[in-house]
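Below is the structure I would like to discuss, written out as structure tokens.
When the chains are written out, they are named A, B, C and D in that same order, and each has its own residue count from 1.
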Amino acid sequence: MTTTPATERPPVLDRGVIPPLCTPLTPDGEVDDASLRRLVDFLVDAGVSGLFVTGSTGEVAYLTDRQRLHTLRTVVDAAAGRVPVAAGIVDTATRRVADHARAARDGGADALVATAPFYVPTHPAEIRAHFRALRSATELPLLAYDIPSFTHTKLPPGLVAELADEGAIDGLKDSSGDIDALRSVLEAVTAPRFRVFTGSETIADVGLRLGAHGIVPGLGNVDPHGYVRLQAAAEAGDWAAAEREQARLRALFGLIKAGDPARMGPYSSAIGAFKEGLRLRGAIAHATTSTPMVPLDGAERAAVRDHLAAAGLIEKGTA
Amino acid sequence: MTTTPATERPPVLDRGVIPPLCTPLTPDGEVDDASLRRLVDFLVDAGVSGLFVTGSTGEVAYLTDRQRLHTLRTVVDAAAGRVPVAAGIVDTATRRVADHARAARDGGADALVATAPFYVPTHPAEIRAHFRALRSATELPLLAYDIPSFTHTKLPPGLVAELADEGAIDGLKDSSGDIDALRSVLEAVTAPRFRVFTGSETIADVGLRLGAHGIVPGLGNVDPHGYVRLQAAAEAGDWAAAEREQARLRALFGLIKAGDPARMGPYSSAIGAFKEGLRLRGAIAHATTSTPMVPLDGAERAAVRDHLAAAGLIEKGTA
Amino acid sequence: MTTTPATERPPVLDRGVIPPLCTPLTPDGEVDDASLRRLVDFLVDAGVSGLFVTGSTGEVAYLTDRQRLHTLRTVVDAAAGRVPVAAGIVDTATRRVADHARAARDGGADALVATAPFYVPTHPAEIRAHFRALRSATELPLLAYDIPSFTHTKLPPGLVAELADEGAIDGLKDSSGDIDALRSVLEAVTAPRFRVFTGSETIADVGLRLGAHGIVPGLGNVDPHGYVRLQAAAEAGDWAAAEREQARLRALFGLIKAGDPARMGPYSSAIGAFKEGLRLRGAIAHATTSTPMVPLDGAERAAVRDHLAAAGLIEKGTA
Amino acid sequence: MTTTPATERPPVLDRGVIPPLCTPLTPDGEVDDASLRRLVDFLVDAGVSGLFVTGSTGEVAYLTDRQRLHTLRTVVDAAAGRVPVAAGIVDTATRRVADHARAARDGGADALVATAPFYVPTHPAEIRAHFRALRSATELPLLAYDIPSFTHTKLPPGLVAELADEGAIDGLKDSSGDIDALRSVLEAVTAPRFRVFTGSETIADVGLRLGAHGIVPGLGNVDPHGYVRLQAAAEAGDWAAAEREQARLRALFGLIKAGDPARMGPYSSAIGAFKEGLRLRGAIAHATTSTPMVPLDGAERAAVRDHLAAAGLIEKGTA
């Protein structure tokens, strides 16, 4: 028997749609295992290439360590090797993130996704040291997670390339919306196995066209088939089809504005809408979100329903 | 035997200087117990009115849960009831903060200090729900911690007053630097037992003059006697003396700029300088800071030394 | 006959209340000369120490060059030497500001007030060169105007001190709200004739206590007597009286929130409220503001009226 | 004789490359007419579709009204009808911008480009009123200029579409870098004659692919032929060629980092580099920039030269 050396095998997260899973909750705020397993099947059956748990869409900031690990273990078990599972290891600084890295490895994660330090404002030299230290703390593939609207730090493209080329990181999840910087990373990295995923729901086709390898769209919870079609069209070089699918998904993405901005923040609105969408599609049982997020009210949920109906995901009038 | 009802006793954190302790580390990054105990004695002997552990100055964002709890237990043990001990319960959202609250209660904390949620941008309605939920999670006195340079949310004065008057919070630690907003809180709160502490090193006298009850100065690690004198002068109504002491402390505070901004962020510089100052004063053994913070180099440490010498805290030429 | 050398005379703007005049407009948007003259008398009679025209409160950004100069000439004529008149020379960069400086000199201004360059983001070295070039362009006393919420640049205290000590600027109007930085300027400047004015309506007493020489409060249009009393109390060292007056003015300042934030920006609300207040007090004929500012509606104007009545400035029920 | 109705003629600015002209200056800071005329010929000969004077790249914020008008008149005269000339009418608020609009019309401009109000923070309702008022002030085609890094206001795509569809604006120059918002505008506008130009040097191909009609690149001063090739490839649907040209231009664009950020702001660096590039190519006589911009030093100018040589625009070693 021979084995393929790691460097000749494709990366664990190679290409394709890797949705950042919503974390279904019971009405009393615990992880809803049955719904989570149903969601995994819903996504895998739609053809996604991997699952990303405890990311920003998964309410990672609102879950306890116990809940994060439980979510990961449940998804790993439900995925049953059909697709790889990446775990968000999101915390304020290195030692805490390294603790999550070890827990996620023990929980069966295939890959890890870590942001720059946050809370304390951080210098590029500190971000560099952070990722190098994380590399020392785990053998798992590690993606840098660039989400400046949450961390208040934009990962400089030159630093991403430096970390990529020295092997400190294996990929990038870019949720910055900064297409120019995304392109700079794609130009600058020379490591052949480095992978770049766009976290954008609305300009994913642009990212793929520029050379990104895959998509990590929060809206991919609600309409995974759409993103799988988009990715397939892109892989086939059929950009017109990719753009048409993207246009449909852009319209659907309007559901994130369901919540009244006078009553709640945009995150409560968006995650509430994703979960209501999943509930309407039968993938999860409850649209409950974490304390202290504000739940959608009846009119707001109806707006989500209208978006799904317009996109052809549910029958008009479904409740 | 009779006991005084809680509402007739002074609040646990009533007035005075409550330094946010630096967390001394060994060269390999673990909590340095012996130094921590020495630091407690140094501060209590200087006349502080309380100790605040695992705050922003205490590298809370860089400490694991285990290290946070260990730090708290060690300080509670070392303080031995001489002064109350407040614990920072700093994390991204409610459930995680509530877990810290329970751990801190079990670790012997006398009071808790919690920020608004961070990482995910947060709406005032969500901040309100956050503090109400924290109140339900613990019996300990709870201070809201307003540090917008880290959380990227300014606690609105009206919301602070609302939470104060309904009893959801017992005090405010204001590290915003916004004197107008501080004054608005002091005007708006009617709850007689509500306490306001300024986190400013450099305009602490202004805060006290406006009615704040005490000071939580990071620089109070290095020069607790100075802040105790400042507070005493203020309590005595001797504002000229308070201002003179403040002027001296303002000059000393220049040490936070010891680190080269091309090499490190301002937090690495400030905390590195506080720790080097404590080391020079003999209060701790090592100036080690957490990964991925950048340590001060020789010239930068010399600049700290010069500041301490100029302030009369060490002999000139001390190494 | 002997003359006093300039360096032995007090600075043109020495101390006291120097309100930034609202610019009264006719309903069709032209400068309302009669109202402007009445406003000058209202303020001078109240005991102000100078008049500041075409500042931010004066809608300088909305006035044409012709209107700016007309406003200045009218005020200089109406003041008739009773108090000095300073002119805001607010524009994007040096050559344009220098043009305003020459026009203001020709229009009779006694002093000039200039911001850092704005629109193009600016480096401290460029700000330094800007003020040095302005100094070369005029003989008039020149105040630096620090209003980072409008210019998006905070004047660094060290740079202010450097410009002060080399004679490039003669004073500072600080509308930053940053008390720590204000204090740094007051500590750092050695030039004995340098003057510092706080632009704050709500912590003016704090500024004076720290050593500022005077106040430039937008609300001073509506209640000049209050600020004159506040300044007088401060000059007399009666800080308790200063704080009482400040508390009264803080409550009155609530009128700036009269406008609905769903309908207009905070500037439309604040300036609209100042002008409505002046109209109610009989100092100007119309509360008209410049295009494209949103005017207050009836309910919003009533809220202004209530504030004035509560402050004892008008009879309750006045319309 | 018959005339074609305006609505059947193509818009004045229809498609193609419309470089925002640098404004050449003599060493003493006046407009260098001979260089300006040479620059016009250089650009027109390269095949540009229009000329945009007194834009952000043209140092509009640093030019006096007289210099702005002189620049426009000179360019109109030099263009001699070969291509249309658009004029930036950049100022803080409506009346001032309307004055520039009238001056530009008198100066021969074919179209106008106006930002949202700046200096005073502005509400969407105020931006709406601003553009409506500008429409009333002139008959010329009017483009909205979205440059939030300078104005600190992002034009909301929905508002742009509303203004477009009611006829208040005829086009958009998008210098926001926000591809998602650009796409939203292109989706939302229904007015068939509305035109969208991207101000990006580095993702211009992306903008064109999404449906933008043309490019307004500052770097198009230095390498107009490159952008003309890029636009032509895009018009021909040869996206691979467009991307190759874009990649070449992206590398060249590195010249904007020639200036040392410790000595100057990014604008001094970028405009200094553009002008040095034009000087090296023989299009203008001096690389002088406006007070208080910091000039490039010898090493920085050499870096510009290296960039031009690497891009094949000058012989290596040219000085």
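One rule holds for everything that comes next: a residue touches a chain if its C-beta (ideal position, glycine included) is under 8 Å from a C-beta of that chain, and two chains touch if they have at least 3 such contacts.
Since this is a predicted model, take the numbers as computed values, not measurements.
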Steps needed, at minimum, to go from subunit A to subunit C via contacts: 2
A correct list of chains touching both subunit A and subunit B reads none
So, in whole Å, the Cα centroid of subunit B is separated from that of subunit C by 37
Subunit B to subunit D: how many Å between their CA centres? 50
Give the residues of subunit C that touch two or more other chains, as numbers and ranges in rising order. none
Going by the touch definition at the top, which pairs of chains touch each other? A-B, A-D, B-C, C-D
Of all residues in subunit D, which touch subunit C in the complex? 29, 56, 61-65, 67, 90-96, 99, 117-123, 125-130, 132-133, 149-152, 263-268, 290-294
In the complex formed with subunit C, which residues of subunit B make contact? 177-180, 183, 187, 200, 202-203, 206, 209-210, 239, 247, 250
